[in-house]
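Given below, in the form of C-alpha cells, are the structures.
Each of the next two complexes has subunit A plus one more chain, namely subunit B in the first and subunit C in the second.
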Partner chain A sequence: MPRGEWTYDVVVVGGGHAGCEAALAAARMGCRTAMVTLHLDNIALMPCNPAIGGVGKGQLTREIDALGGEQGRNADRAFIQLKMLNTSKGPAVRALRAQADKRLYEDWMKVVLSRTPNLDLLQGEVASLDVSRETIRSVRLADGRCVRCRAAVLATGTFLRGKVVVGDRSYPAGRVGELPARRLSASLLAAGIELDRFQSATPPRVDGATIDADRMVVQQGDSQPLSFSHWRVPALRRQVPCYLTHTTPVTHEVVSAHLHLSPLKSGSVSGKGPRYCPSIDRKLINFPEKERHPVFVEPEGVTTREMYLQGLTTSLPVFVQEKIIHATPGLEKARLIRPGYAVEYDYLPPQQLTLGLESKTVKGLFSAGQVNGTSGYEEAAAQGLVAGINAALYAQDEPPFFLRRDQAYIGVLIDDLVTKGVDEPYRMFTSRAEYRLLLRHDNAAERLSHLGHKLGLISAEQLVIVEKKQQGLAEFTDLLDTVQVRACEDSNRVLEELGTMPLEESQSAAKLLRRPQVTYEDVIRLVGSSDRERISQAPPEVVEQLEIQARYEGYIRRQMSEIRHQRATETLGIPADFDYWSLQGLTYEAKDKMSRIRPATLGQASRVPGVSPADVSVLLIHLHRSQLQRSVEMPEMSFE
Partner chain B sequence: MDAKQMTPSLVASEPVSPSWPEDTIVAISTAIGAGAIGIVRLSGPDAIPLAGAVFRPQRSAPLGAEETYSLLYGHVVDPDTSEMIDEGLMAVMRKPRSYTREDVVELHCHGGVAAQRAVLRLLIRSGARSAEPGEFTRRAFHNGRIDLAQAESVAAIVAARSTAALRASVRQLNGGLSERLQATRRCLIGLLAQIEATVDFSDEDVEELDWESLGGQLSSVESDLGRLLDTAFVGRALSQGVRTAIVGKPNVGKSSLLNALLMRERAIVSDIPGTTRDTVEELVEIGGIPIQLVDTAGLRSSGDHVERLGVSRSVEAMEQADLILVVVDLAAGWDEADRRLLSGLDPRRSIVIGNKADLVEDAQALLCDLAECLGLLSRERLNDEHGKACGKTGLSLEAGWRIVAVSALTGHGLEDLRLLIQETAAEGHEFCLDEPILANERHRALVQESFEWTGSAIAGVARRAGEELVCEDLRSAVGALGRITGEELTPDLLDEIFSRFCLGK
Partner chain C sequence: MKCNSRDLGTKCVPNKDEEKPQTKRPAKKEPVVVSTRSESAKAERQRPGGVRRPRVLVVGGGVSGCACAATLAGSGVEVTLINNALDGLGQPGYGPVVAVDEGWDGLVETLSALPPALRAAWLDASTAGDEESPFFYVDRRMLSIETKRALEDLPGLELRQALVTDIRSASDLRAASEGVSNDKSGRIRPVVVGTAFGESIGAEAAVLAVGLSLEGEVRVGDDVLPGGRYGETRAGGLREALERMGASFQGRTMDVGPWFPMPCEEQWKAACSLERSPTGERTTGGCDRRSVATRPLRDLLVALERKRLDTPCRECDGRREQIGADDGDEIRRDPEMVMRNLGSPTTWPDNYPPAPHWIQGLHVGRAILHTSSGGPSLALLSPDGVATGEMYLSEGESHRSEEDGPGGRCVSDGGYEPTAFDGSMASRPGHRVAGLILKTFGRGGGLAVGQDSSATIWVTGRAGGATGYLESLASGVRVARDVKRVLSVHADSDGWI
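Presenting the complex of A and B:
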C-alpha cells in the first residue's frame, strides 16, 4: 500500500445523524467502513432543538429502529423527557417525542460507533472525490490522505460552503464555531453533480438559572414508561420539564423596530428556508394580526443550564436578540448565552438520486440527510440508514434496497425527495403519507423488521419478539371472530351503560369491538364466562393492536385493496437506460422530466411532476408492448 | 446517455413546443352537412407547405412567410391537373399559438360536402394523414395546451350533435367546469387543512378545531357537489340525447310517428301488426334538446318467438327511457291493454298520443274520451266538465299528465307534440347552459365519488369519529376531484396549511 493510502468498502463523509446511521449500517452489514468527519468531538450533534421525534418524525425514528438503526435506541438512552403526542387523536397519528440531553446523546452515539466492528473513525476534511468512468474510486482529504473505497456516502449536513449569518455579519462556517467544507463542492460540480443553496436557522439559548419559571406554563413528560426502541423494556426515569411562554405585542414592537436589520430584509441570506420553521421576524411579516406566538423553553441537558427558545428562531443582530428575549414574559432577566443564527449551505437537489439514494451521475456515490435538501435529525437518520444499506449492498454487488410508499414513512420521504424534488428544506408530516392509517408508529416493527433481518441489521432474537407479537395478534383476532356475545339482559345492560345499541341477536366479539364506544376491556365483560378467561389473556400490546384494527377496519381494508391495485404499477420496472425521447405520444415535458429523473418504476413515473395520466398510459402501453417490463426486486409487505 | 446530455439546451430554447417529429394530420373539422361553410384542418410540422401546395392565394406573394393568424383569400387547386376545386379562405396559425400548439392551417371552403371531401383527398394525396377521431385534441392535450377535463370536453364537442350540447361543451372548454371543480376542491382542501394542522402540529400553536362549524361548511360543499351532480342528467341528455321510447300496442303507428318526427323514412312501416321487431334508434333535435327516439315493437302477447323477443326489448327500452311516448290508435279505439300500460308509468315523464287523428271526425272529443277512459282526467273537474268537448289545451288532467292528438300521416298536431316533448324533457332539469354541467360520464362518476366521501366525512364529524378518519374521507373526496382536473393533493394541502397557520417551533 502506498504511503498515505487506506482502503475501505464504504467511506461515510460526515458524522451527523445521517452519517452515523450510514456508517453503522454499512459496518454492521459486514463492510469495512470509515467515517470521516471534520471533528471527532462533534459526532451526532443536535445543533438545533434538543429533541428527537414528534408527529411524523417519531414514526421515522420508530422505523429506523425497526430496520436496525440506532436513533431510537440512542434517544432512549439520552432522553430527559418523553411524551406521547396526539393522545386525544387516533392511534395512526400518535407519535413519541423525546427531549434529549444533547451531550448524553452525542456521547452514547460515539460509544456505539467506537464499539462497532468494521468501523473506523477518521478526522479530517474531505476535499475531493476521485471519479473515473462515472464511478467513485476514492475520497481525498485536505491533509493529503487518500481513502480508496467502493462506495461513499455524503452526509455533509450544512457544511458544504456553509456560511453563518447573524445580523449584518456573515462568515464561512458549517455551524457557529466550526469550519465549513470549503473545497468538496467544487469537486462535486466537476463530477457533474448539481448544487443549490438552502438556509436554516436556530434560536438563541439562555441560561436556565435566569428564567422566571413561575411566569410560564410547566410542561411535563408522560408518567407512564415509554420507549422509541422496540427491543428495550421501557423504563421510567426522572424527567425534566419544559416551559411555555408567549410573545406579547411589546415583544413584537421590538422585532418590528429592528426588522430593517433582519437578514430577511437586507438580503444577506439568499438560500430558501423552511416555511414550517419561520424565524420570529418572518412570523411578524406573514401574520401581523397575531398578537402572540408561543415560545417553548426547553432544557438542552442535565449537565448544562442552557435552555433552547423554541419559537424565537432569528438571525437578527445579537443586541436585538437580547431585547426580544427580555421583552418576553418570564425571560425578562434571561441571560443570552448562545445567539441564534442562520446558516446557508450547498445541497444536492435530490432528483439527481435514485430511490436507493445513489447519484445517477456518479456510481457508488450515495448521499443522505441535510445535503439532500431535508431538515430534521429523523429525516437525516432515515436517509443515512438507507444510504448506508445501499452503499454496503453496492460494495457487495447486491441489488439496491428501497421501501415503497405503502411500506414506510421512509419510503414516502425518499420517493418524495427523488421524484418530486424540494423547493424548501423537506420535513416529514403525516399528511404526506397517503397510507397514514397503515404506517403507524405502533406497527413499525411488524412492517419492517423482517426486512432489517434480511439485511443483517436485525438479529434472529429480535425478529422472534416481533413474530411472537404477530402470532398473538393472529390468534386473538381469530378468537374474537369466533366468540359470540349473546343478546341477553346482562350484555345489553353493559352496552346501554356504554351508550351503544343493545343486541337483538348474538354477535361476534370482533364486531362489537368495532363499535367506537366498546373497548377490549368491555368485550371481556360482555363475553360469556366460558370465553372470558381465554380472551382476557391477551397481552397489552396485542390488545392495543386489536383495538386499532377494529377502529380502522373498513379504512384499512380499502387502503390495502388500493395498494394491491397500485402494486402492478409500483413493481413494473422501467429500464435505467430507457429512451423517452424516442417514444411517440409523450409530452415534451414528460420526456424531459422522466429522462432526468429516470423513474425506477411506472409508479414512480406517475408521481413525477409534469407527467400526466395520459403520459403514464402511453408509457405503460409501450412497456407492455416492447416486453421491456421486468418486475423490480421489491421487498414484500409484512402484513398481507 | 444522449438524451440526458441534450436536455439542458432543449429546456432553455423550447420549453413547450413538441420535440418529436410527428406527422401532419388532416380532417374535415365541421360536422358533415351542417352549415354552409366547411373547415378542413391540418396540424403538424408540414401543415403550411401541404396547404400551400393546394391553395393558390389571390395575392401573388409566395406562401410560407405568413404571420400567425393571417387569413388569405384564394382558391383550392389540384396541383396535378390545375383544376379549381373550390374558392375559400386559408387561416394560418403558427406554433405554439394554435389549438394543438403545432402549425395549424384551416381551409374554409364553401362548396358543400363534396368539395370538402375533394379538398381532403387532395391533401391526403399530398402527404397529410387522415386524423383519427379526437387526434387534434390529443395533440393539444399532449402539448400542454389544455388540461384533462378540457380535453374530455373537446371529445364531447366532437360528439355533440346539437346546438345546445355544443354550447355546453364550449362553456366547459372555457374552463367553466374546471373552474367550478377547482373552487370546490380548494374549499375541501381548506377544510382538510384545518384538521390536518391539528394533527401534524398539535404541539404547536394551532387553534382547537370547531367541529360544529366544520360540519356546516362541509355540508355546504356537499350540496354544491349535489347540485353539480344534478346537472349530470342534463349533461347526459345533451351528449347522448334524452332517451325517448315510443311504445304502444301493435299497429297504432309508432314507426310512422318516428318517421314523422325525424321528417324522413327511417323505420319500415306496414299495415301488418308487429312489423317492427327490434328497437330502432334515431337522434333528433327538438327545441335545442337532443332527443334519442327509440321505436319499439308493439306490446302484446304473441306466439311468434322473434316478436316476443322484440316485445321484451320494448319493455327494456321503456325501463331505460327518460321519456315515454304512449301511442294509442284513436280510430281503432283503446282497451284494457292501454290502461295497463299507462298504469305503470310516471306521468311526469310520459306523453299520451292519440294517433291517426286524420281517420276520425272529432279527434278532440275522442281524445277527451280517451283521457277519461284511461283515468287521466282530473277528479275535481270531472263533474263539471264531463261530456263537454275539450279544447286543444283545455283538457284538465290529473297532475302531470299530457295528452295530444296527432296524425303521423298528415303531420297534424306534430308541432304540439314537439312542444310537449320539449316541455317534458326539460322539466325538473333546468337546461340552463350558463352553468357548467357534467357532460362526461367519467367526470360524473368522480363527482359522485367525491360527494359520497364528503357525506361520509360529515357523518364522521357528527359522531366525532376522530380527526384522522375524517381526514381520510376528505382526502378521498379531494382526490376524486383532483382526478378530473389532474391536480395533486399534498403540495396544495401544505400551501394551505402554511398560509393559514403560523407554525414554527
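Presenting the complex of A and C:
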C-alpha cells in the first residue's frame, strides 16, 4: 500500500448529525467506511438548541430509529427532559421532544461510532475530490493523505467557507471556536457543482443561577416512561425543568433602537436566513404588530448551568444582546455567558440531487444535512441516514433506496428538497406532509422497520418486536369488535358522566371507542367483568393506536384511498435522459425546470415549481404512448 | 513564610517567588499604580455602599487559565474567565499523558494548591500505572466537563465565550481619548480587552493564559493551520497589542500525537466491561501488547500515603508529626490529612442520564507496544479517555522532549510511518505546534510592565514558558496568588474589600 493512501468503500465527510448517521448506516450495511471530520472532539455537536424532536422533527427522529439509525437511541441516552407534545390535539401533530445534555449526547455518539465494526474515524480536512469520468474516485485531505473510495457523502454542515458574524464583525469559522473548511468549495465548483450562501444564527446563553425562575412559567417533563427508540425504553430519571417567559414592548424597543446594527441590515451577512427559526430582529421586522414573543429558557445539560434562550436568536452586537436579555421578564439580572452569533456558509442547492441524495453531476457523490440547505439536527440526521444507505448501495452495485411522501416524513423532506429546492434553510413541519394522519409518531416502526431490515439495519429480533406489536394490534382490534357493551344502567351512567349519549341497545366496544369522549380506559370500565381482564391487557403503545384508529378511521381510510388512487401516476417513471425540449405542449417554463431537475417519477414532476397540472397530463399521455412507462421500484407500504 | 497548601496537609513549601524574587520576576516588586485608579477609587468610595471587589480577567481557559481563575475566585477576587470556545474549557489541549516530573510528592503538592473542586476534577479524571512509572493519564474529555462544572459553581467566577483580539491599558485608552468609563459604575478600569465580536471588557488586571496561540501555527503533514491548538480559530491582533506595550517574544515548537483507534475489540471490551474486578484494577492489552495494570490516580496516591503511615519517620524519631498550629512554620506532612483531602471519587447520580466517562471502575490503562522496524523500539499507547475510543501514541518512556514533556512525532517528521501504525490509519495524525511565548514576563508568569509602567497584565502557563500540564497548573495557581497580592496593596487606596 503506498504511503498516505488508503482505500475504503464509503467516505463520509463530516461528523455532525448527518455525518454520524451516514457513517453508521454505511458501516452497518457492511461497507468499509471512513468518517473524516475536522475535529474528533466535536462529534455530533449541537451548536444551537439543546433538544431533539418536537412537532415534525420528532416524527423524523422516530423514522430514523425505525430504519435503524442512531439519533433516537442517542437522545434516549442523553435526555434530561422528555415531553409528548400536543397530547390534546390530533394524533398527526403529536410528537416527542427531548431536552438533551449536549456533552453526553456527543460522548455517547462517539462511543457508538468508535465501537462500530467497519468504521474508522479520521481527523482531517477534506480539501478536494478526485473526479474522473463524472465519478468520484477519492477524497484528498489537506494534510496530504488520500482516501480512495467508491462513494462519498458530503455532510459538511455550516463549515464550507464558514464565517461567524456579530454586528459588523466577522471572522472565518465553521462555528465559534472552530476553523472552517477552507478549500473544499473550490473543488466542488471545479467539479461542476453549484454552491450558494445561507445563513443561520443562534441565541445567547446565560448563567442559570442568575435567572429569576419565579417570574417565569415552569415547564416540567412528562413523568411516564417515554422513548424515541422503539427498541428499549430508558429507565425513569430525574428531569430538569425548562422555563417560559416572553419578550415585552420594552424588549422590542431595545431591538428596534439597534436594528441598524443588525448584520441583516448592515449587509455583513449576504446569505439567506431561516424564516421559520427567525432571529428576534427579523421577528420584529416581520411582525411589527405583535407585542410579545415567547422565550423558552432551556438547560444545556446536567453538568452546566448554561441556559439556552430559545426565541432570542440574534447576531446584534453583544452589548445589545445584553440589553435585550435584561429587558425580558425573569432575565433582568441574567448574565450572558455565550453571545449569540450568526454563521454564513456555502450550501449545495439540492435540486442538483436525486431522490437518493446523489449528485446528478458526480456519480457516487452524495450529500446530506445543512449543506443541502436544511437546518436542524433531525433533518440532518434523516438525510444522513438516507445518503449513507444509498452510498452503501451504490458501493455494492445495488439500486438506490427512496422513501415516498406517503411513507415517511423523510420522503417528504427529500422530495421537497430535490424537487422544489430551497430559498431559505428548510425545516420540517407537519403541514408539509399531505398524508400526516398516516405518518404518525406512533406508527413509524410499522411503516418502516421492514425496510430497515431488508437493508440490514434492523435485526430480526427488532423486527419481532414490531411484528408482535402489530399482532397485538390486530388481536385487540378483533377483540373490541366482538366484545359488546350492554345498554344497562351502570354503563349508561358512565357514558353520561363522560358527556356522551347513553346506549339504547348493546354496542361493540369498537364502536364506542369511536366516540371522541370515550377513551380506552373508559371502555375497560364499560365492558362486562368477563371481558375486562382481557381488554385491559393491551400494552400502552397498542392502546394509543387503537384509539387513533377508532377515532380517525374515516380520515385514515380516505387518505389511504387517495394514495392508492394516485399511486399509478406517482410511481410512473420518467427516463433519466428524457428530452423535455422536444415534447410538444409543455410550457417553456416546465421544459426548462424539468430538464434541470430531472424528476424520477411523474409524481415528482407534478411537484416541480412551475409545472402545471396541464403539463403533467401532457407528460402522462406521452409516457403512456411512447411505451416509456415503467413503474419505478419503490418500497411497499406495510399498512395496506 | 506562610503555608499555602495547608488544606491538603502537606509539608509547607516556601513560595519560590518570595525566596528569590529578583530572578523570578524581572520587574519591580511593587505594583504600578495607574493614575486613574485613585481618582476613580475616590468616586467609588463616595458612593453609598461603594465597596466592591476587584475584577480580574483571565484570558484563555486551558489548564493554567482554569487553575488561575479558580484560585483567584477562591481568594475573593471577582474573575471573568474568557475562552475562545466554552465547550473546550479546561481541556488539556494536547495528549492525555502527564509526566510527573517532580515525583509523586511534587504532584500532591501541586494538587494540594488547587481549589478543592478543581482538585477533585483532576483526581476523578486521572489514571496511573504503578509507583515506578512517572506518568499518569487524564481523561481529557471528563476533565473538561468536570472542570467547567467546578468553575461554574465557584462564587465570583464568571465564564465568557469570546476570542480576545486586543488588550490595552487605561493610559493607552486615554491617549486615544477613549478614556471613558468601561465598567458599569462609571470608573475607568486599568486594563481593557477587546474581542473579535467587538466587545470591550475592563478589569483591574488581566492574566494571559493563551498557550501557544500567539502567532500559533499547527502543521499537520502538508497543511498549516492557524491556532495554538489543533482546529482552533486564532486571534489576530493580540500579539501586536502586546508588542505595543513593550512585550517581547520567543518561539516554541512542540509535537503532539498521533492518535490511533483502540487496537482491537478485546481491548475495548476490557476497557468497557462494566463489572469491576475484585481488586478494582483493570488491564488493557492482549493483542501481543504488553499491558500495564492501572488504577485511579487517587488510589495510587492514597496507597503511597498509607505506606508512609506504616513507615516510621526517621527525622522525627519515629513519631509521625501532626500538623502544627496556625502560626507555625513547621507544618509537616500529615499522611492522614493528605488522604482525607485527596477525597473519595465523585459519583455520578443514579437519576442522571448515564455518562460513559463516569461509569464507575472504568479505568483504562496503557499498553506498551514493540514496533516494527524503522521506529522507536518502544512506543506507548495511552488511552485518551474512556469515551473517545482512541489511543495516544508516544515514544518510549526513555524519550522525553526537552521542552514540553512527552509528545509524539509529527507526521512529516519521518522516523516511523506515522500515519499508519500496526496496520491502522491514525485517527488524529500527529502535528507540530509552533507559537510564541512571552519573554518579558519571565518563566512561569510574572508582572508585566509596559513601557509606561501602567499595565497590570500577567502571563501564566505555556504562554509564560511553563512546560507540561502540571507546571502549567502550578503556574496558574502561583500567578493567581501574585495577582491577589498586588491587588491587595491597592485595596486601601481603591476601597476594595
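Please note the rule applied: the second predicted complex is superposed on the first by the 596 of 640 C-alpha atoms of A that agree within 3 Å, B and C clash if a C-alpha of one lies under 4 Å from a C-alpha of the other, contacts with A are read in each partner's own complex, and residues count from 1 in each chain.
Heads up, the rule we're going with is that contacts are C-beta pairs under 8 Å (C-beta built on N, C-alpha and C of every residue); 3 or more make two chains touch, one makes a residue touch a chain.
These figures come from a predicted structure and were not determined experimentally.
Student: Should the pairing of subunit B and subunit C on subunit A count as a clash or a fit in the superposition?
Tutor: Verdict on subunit A: subunit B and subunit C fit.
Student: In the superposed arrangement, which partner chain does A:59 touch: subunit B (first), subunit C (second), both, or neither?
Tutor: It touches nothing on subunit B or subunit C.
Student: For A:585, select first, second, both or neither according to whether it touches subunit B, subunit C, the two together, or no partner.
Tutor: Only subunit B; A:585 stays clear of subunit C.
Student: Could you say whether A:199 touches subunit B, subunit C, both of them, or neither, answering first, second, both or neither?
Tutor: A:199 sits against neither subunit B nor subunit C.
Student: Of the partners subunit B and subunit C, which touch A:128 in the superposed model: first, second, both, neither?
Tutor: Once the two structures are laid over each other on A, A:128 reaches no partner at all.
Student: Is A:311 touching the first partner subunit B, the second partner subunit C, both, or neither of them?
Tutor: first
Student: In the overlaid three-chain picture, which partner chain does A:42 touch, first (subunit B) or second (subunit C), both, or neither?
Tutor: Touch partner of A:42: subunit C, not subunit B.
Student: Which angle, to the nearest 10 degrees, do you get at the Cα centre of subunit A between the Cα centres of subunit B and subunit C?
Tutor: In the superposed arrangement it comes to 150 degrees.
Student: With both complexes overlaid on chain A, what's the closest CA-to-CA approach of subunit B to subunit C, in Å?
Tutor: 22
Student: Which positions of subunit A sit in both the subunit B and the subunit C interface?
Tutor: Common interface on subunit A, subunit B vs subunit C: nothing in common.
Student: Over in the complex, which subunit B residues touch subunit A? Could you list them?
Tutor: Touch residues, subunit B against subunit A: 1, 3-4, 6-7, 10-11, 14-20, 22, 141-144, 148, 196, 198-205, 463, 465-469, 471-472, 475, 486, 488, 490, 493-494, 497-498, 502-505.
Student: What residues of subunit A sit close enough to touch subunit B in their complex?
Tutor: These residues of subunit A touch subunit B: 49, 54-56, 85-86, 89-90, 92-93, 97, 275-279, 282-283, 286-287, 290, 293-294, 296, 310-311, 313, 429-432, 434, 436-437, 516, 551-552, 555, 577, 579-582, 584-589, 591-592, 595-596, 609, 612-614.
Student: Residues of subunit C touching subunit A in their complex?
Tutor: Those in contact with subunit A are residues 84-88, 91, 141, 145-146, 148-149, 152-153, 158-163, 195-199, 220-223, 225-227, 230-233, 259, 261-262, 265, 268, 349, 351-357, 387-390, 411, 417, 419, 424-429.
Student: So in the complex, which bits of subunit A are touching subunit C?
Tutor: Those residues of subunit A that touch subunit C are 3-4, 6, 34, 38-42, 45, 77-80, 101, 103-104, 107-108, 110-111, 113-115, 117, 120-125, 127, 141-145, 166-169, 171-173, 176-179, 207, 237-238, 302-306, 317-319, 335-339, 341.
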